[in-house]
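The next part holds the structures, each set out as structure tokens.
In what comes next, subunit A is part of two complexes: it sits with subunit B in the first one and with subunit C in the second one.
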Partner chain A sequence: MNIEIVQGPGNAAAKVSLGANETITAESGSMIAMNSHLHMNTTTHSRGGAGGLLKAVKRMFAGESFFLNHYKAGQEGGDVYLSTPLPGDMMTHELNDESLIVQARSFVACGDDVDVDLGWQGFKSLLSGESMFWIHLKGTGPVILNSFGAIYPIEVDGDVLVDTGHIVAFQDTLDFSITKAGKSWLHSFMGGEGLVCRFHGTGTVWCQSHNPPSFGLQLGPMLKRRPR
Partner chain B sequence: MSDTKDFDYDIAGKPDFSFLTVQIPEGETLKVEASAMATMDTNLQMKTKFKGGLSRFLTGESIFINEYTAQGGAGEIGISPGAPGDLEHIYLNNETVYLQNSAFVASSMNINVESKWQGFISGFFSGEGLFLIRCSGKGDLWFNTFGAMIEIDVNDDFVVDTGHIVGFTEGLEYDVSTVGGYKSLFFSGEGLVCRFRGQGKVWIQTKKLGAFENWVWPYRPEPKKNNN
Partner chain C sequence: MRSEIQGAPSFAYIHVDLEPGESVLAESDAMASMAADLDMRVRFNGGNIFTALLKKLFGGESFFVNEFQNNSSGSKRVTLVQGTPGNLRQVDLNNSSVCLQPGAYVASSPGVKLGLSWAGFASFFGREGLFRLKATGTGTVWYGAYGELVEKNVEGDYIVDTAHLVAYEPQMRLKVQLAGGVFSSLLGGEGFVTRVEGTGKIIVQSRSLHGFSRWLNPKIY
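What follows is the complex of A and B.
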């Protein structure tokens, strides 16, 4: 499988060239074009996972679509192009019997031997206040992620604070806790910084240059009111 | 299609904020999408054409094409499409290209630009309006996208999400269908796709305006409170 990120960083798409009998698992709705002899199969969970209805329901509550699409090539292989609604960049990351924790909206696709688990409860999701959910990817193979705006890695060695809205993904070798940006809760919220994630240890955090809800809140007042 | 050209031109800001500059020799005329002119020399004369008749109103897109003629010396025109994105040039050598109805930017005078009824089924389902723009003849053609553009050489057949089609060459057969069965229409999130068959080129865009609009939608202000 060969993955090429094209047209980044502004309006990136991922070109996935599948070899014979290879499969890529993608977020539903992300396919923009493909060779027509690829076979698409929609499931409620990743093939590698234990899955089932419970996981699918969890995925629905996570605000992620209920379903994952699996694109399988035949003997002759084939290409599939993937993209996402918001402008921004994409990246690939190779897992080697490792785990990665991904902000749900940043997940695009992964290889067949990567398990997609939405049941991950490492953060107290509701407490994060940003209605964000997280996907736990585990296994071996490529992972494709997207960001709103540009994407940049932070190599953590010690402690780093990251605004929760700017997290794309992080390695689970890091310890983390949700905390406040300022000295007191009052200052944190008045300062508009809300909640941040404190990472501790050694590992990589990938961040996006822009936070989608912040952009949405700026656009909101210019739009027509909802009908009553 | 060949690398020749009628006009000297330059495309800056690719692929995210493309902007076209064309040099028009004295006495020559360029067709430009209405409202796309950003800058021009004072010796260019603009003429609005009502060509195309009623059907152009029905495309819901740029209804008029303006013609810019250089008089009393050569002139330069800067052309900026409405949506940020990519821009491409092709030279038609007595060939025909179909464009999605917002993709036309500019062309030589010898290119015949007309709306083409798609037929009820493919038109309604594509979500891109009932018309395509048919460009034929011998000369330059510039077209644009929302997001970046990818050119795909179709050799046997290729599937494209209907919302991501920018244009395609005449001679390709196409029909609109689902990716998998009708089950996939509801669960895969992929909606309807266009299947192209034959030999030719298809241009796709990495982003689509409708998806961005759907993302912005929840940020609309609350309805006005009724005090009565």
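What follows is the complex of A and C.
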């Protein structure tokens, strides 16, 4: 399988070239074009096995689709292009029997041997009052992610704070807690930064340059009310 | 202090590397990520509650700004960005000023003072606000807008569509007028425009959120 990010960073798409009998698992609705001989199969789980339905319910809870689509190539292989609704960049990351924590809206696709689950830290984030959900990707193979804006990695060595709306993904070698950005809670909320994620340890966190809620705050007041 | 704008032109953001003792000021919510040992403090926009209130009400700016101060012993990074997608510009002031459209300000170094001055009713009707934000002093100021930023040297006068003027040199004067005759101004969709008079540099944005929302609104049902 070969993955190429094309037309980045403004309006990126991922071109996935599948070899014979290879499969890519993608978020529902992310396919924009593909060879007609590819076989598409829709399930509630990323890999065969039990618990698929429960995972699907959890994904739905996180604002992701209930279903995952699997694109399988025949003997001759084939291409599928994947994209997302938000303008911005995409990235690929190769997992080698390891884990990656992905902000739910950034997940696009992964290889067949990567397990997709929403179990990790989900409720901690919920209790903190932020509507943030994490997808836990685990296994071996490629992962495709998207962002609102450009993506920049931070190699954490010492502590780093990231605004909750700017996180794309991070390695699970990092500890993470939800905390305040300023010296005090009052400063953090008055300063408009509110809650941030504090990463501790050694590993990489990928950030998106732009924050969808911040854009919404500026655009929202100019939009008309939806008729009831 | 070292800084670098990346992601331009569609999604520009600023990496600012602060040396020990240095600080940078940024608008509320501009911080995307930062080293945890930088100290973030809230300040009234303009230094006191009165100016902050004026800026909030009339300058289209936030009530509070954040100050990021490096009290550690090494170089530390803070990454700043505006709320909308678009380009950013860095201006190095040397005992000089630049005037900014409401909402354009993103960040500045401590030597730059942000003031509010009367812009006139012309500016108000041009959807640029009654007051204008003026950055004065010696240091760096970063500003941006939705879309790409286009620089234009004006000699005499120049016409800019309303809500597309981002920044201009302080000696420039603004007036509002119809784009053409009464008939063509209304039917041609241009309506009012801003007339910039004087000799100096102006910055125009290629897109506007007003235009985008006008396009988007009929699609909401």
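Just so we're on the same page, the second predicted complex is superposed on the first by the 217 of 228 C-alpha atoms of A that agree within 3 Å, B and C clash if a C-alpha of one lies under 4 Å from a C-alpha of the other, contacts with A are read in each partner's own complex, and residues count from 1 in each chain.
Keep in mind that, in the parts below, contacts are C-beta pairs under 8 Å (C-beta built on N, C-alpha and C of every residue); 3 or more make two chains touch, one makes a residue touch a chain.
This one's a predicted model, so the numbers in the text were calculated from it and none came from an experiment.
*Asks:* In the superposed arrangement, which partner chain does A:106 touch: subunit B (first), subunit C (second), both, or neither?
*Replies:* Neither partner.
*Asks:* If we overlay the two complexes on their shared chain A, which of subunit B and subunit C does A:67 touch? Say first, second, both or neither.
*Replies:* Once the two structures are laid over each other on A, A:67 reaches subunit B alone.
*Asks:* Tell me the contact category for A:207 with respect to subunit B and subunit C: first, second, both or neither.
*Replies:* second
*Asks:* Please indicate which partner A:146 is in contact with in the superposed arrangement: first for subunit B, second for subunit C, both, or neither.
*Replies:* Neither subunit B nor subunit C is touched by A:146.
*Asks:* Answer with first, second, both or neither: which of subunit B and subunit C does A:12 touch in the superposed model?
*Replies:* first
*Asks:* Regarding the shared-chain residue A:159, is it in contact with subunit B (first), subunit C (second), both, or neither?
*Replies:* second
*Asks:* Quick check on the superposed pair: does A:25 touch subunit B, subunit C, both, or neither? Answer first, second, both or neither.
*Replies:* neither
*Asks:* Regarding the shared-chain residue A:81, is it in contact with subunit B (first), subunit C (second), both, or neither?
*Replies:* first
*Asks:* Is A:33 in contact with subunit B, with subunit C, with both, or with neither (first, second, both, neither)?
*Replies:* first
*Asks:* What is the shared patch of subunit A, the residues that subunit B and subunit C both contact?
*Replies:* 10, 87, 217, 219, 223-224, 226-227.
*Asks:* Which positions of subunit A touch subunit B when the two form their complex?
*Replies:* 6-7, 10-13, 15, 27-29, 31-37, 40-42, 65-67, 69, 81, 83, 85-87, 212, 216-217, 219-221, 223-228
*Asks:* Which subunit B residues qualify as touching subunit A in the complex?
*Replies:* 15-16, 85-86, 147-150, 152, 157-161, 164, 179-180, 183-184, 187-191, 195, 202, 204, 206-208, 211-212, 214-216, 218-224, 226
*Asks:* Looking at the complex, which residues from subunit C come into contact with subunit A?
*Replies:* Where subunit C meets subunit A, its residues are 6-7, 10-13, 15, 28-29, 31-37, 39-42, 62, 64-66, 79, 81, 83-85, 103, 209-210, 212-213, 216-217, 220-221.
*Asks:* Which residues, counting only subunit A, touch subunit C once they are in their complex?
*Replies:* Residues in contact with subunit C: 9-10, 87-89, 148-150, 152, 154, 158-163, 166, 181-183, 186-188, 190-193, 198, 205, 207, 209-211, 214-215, 217-219, 222-224, 226-227.
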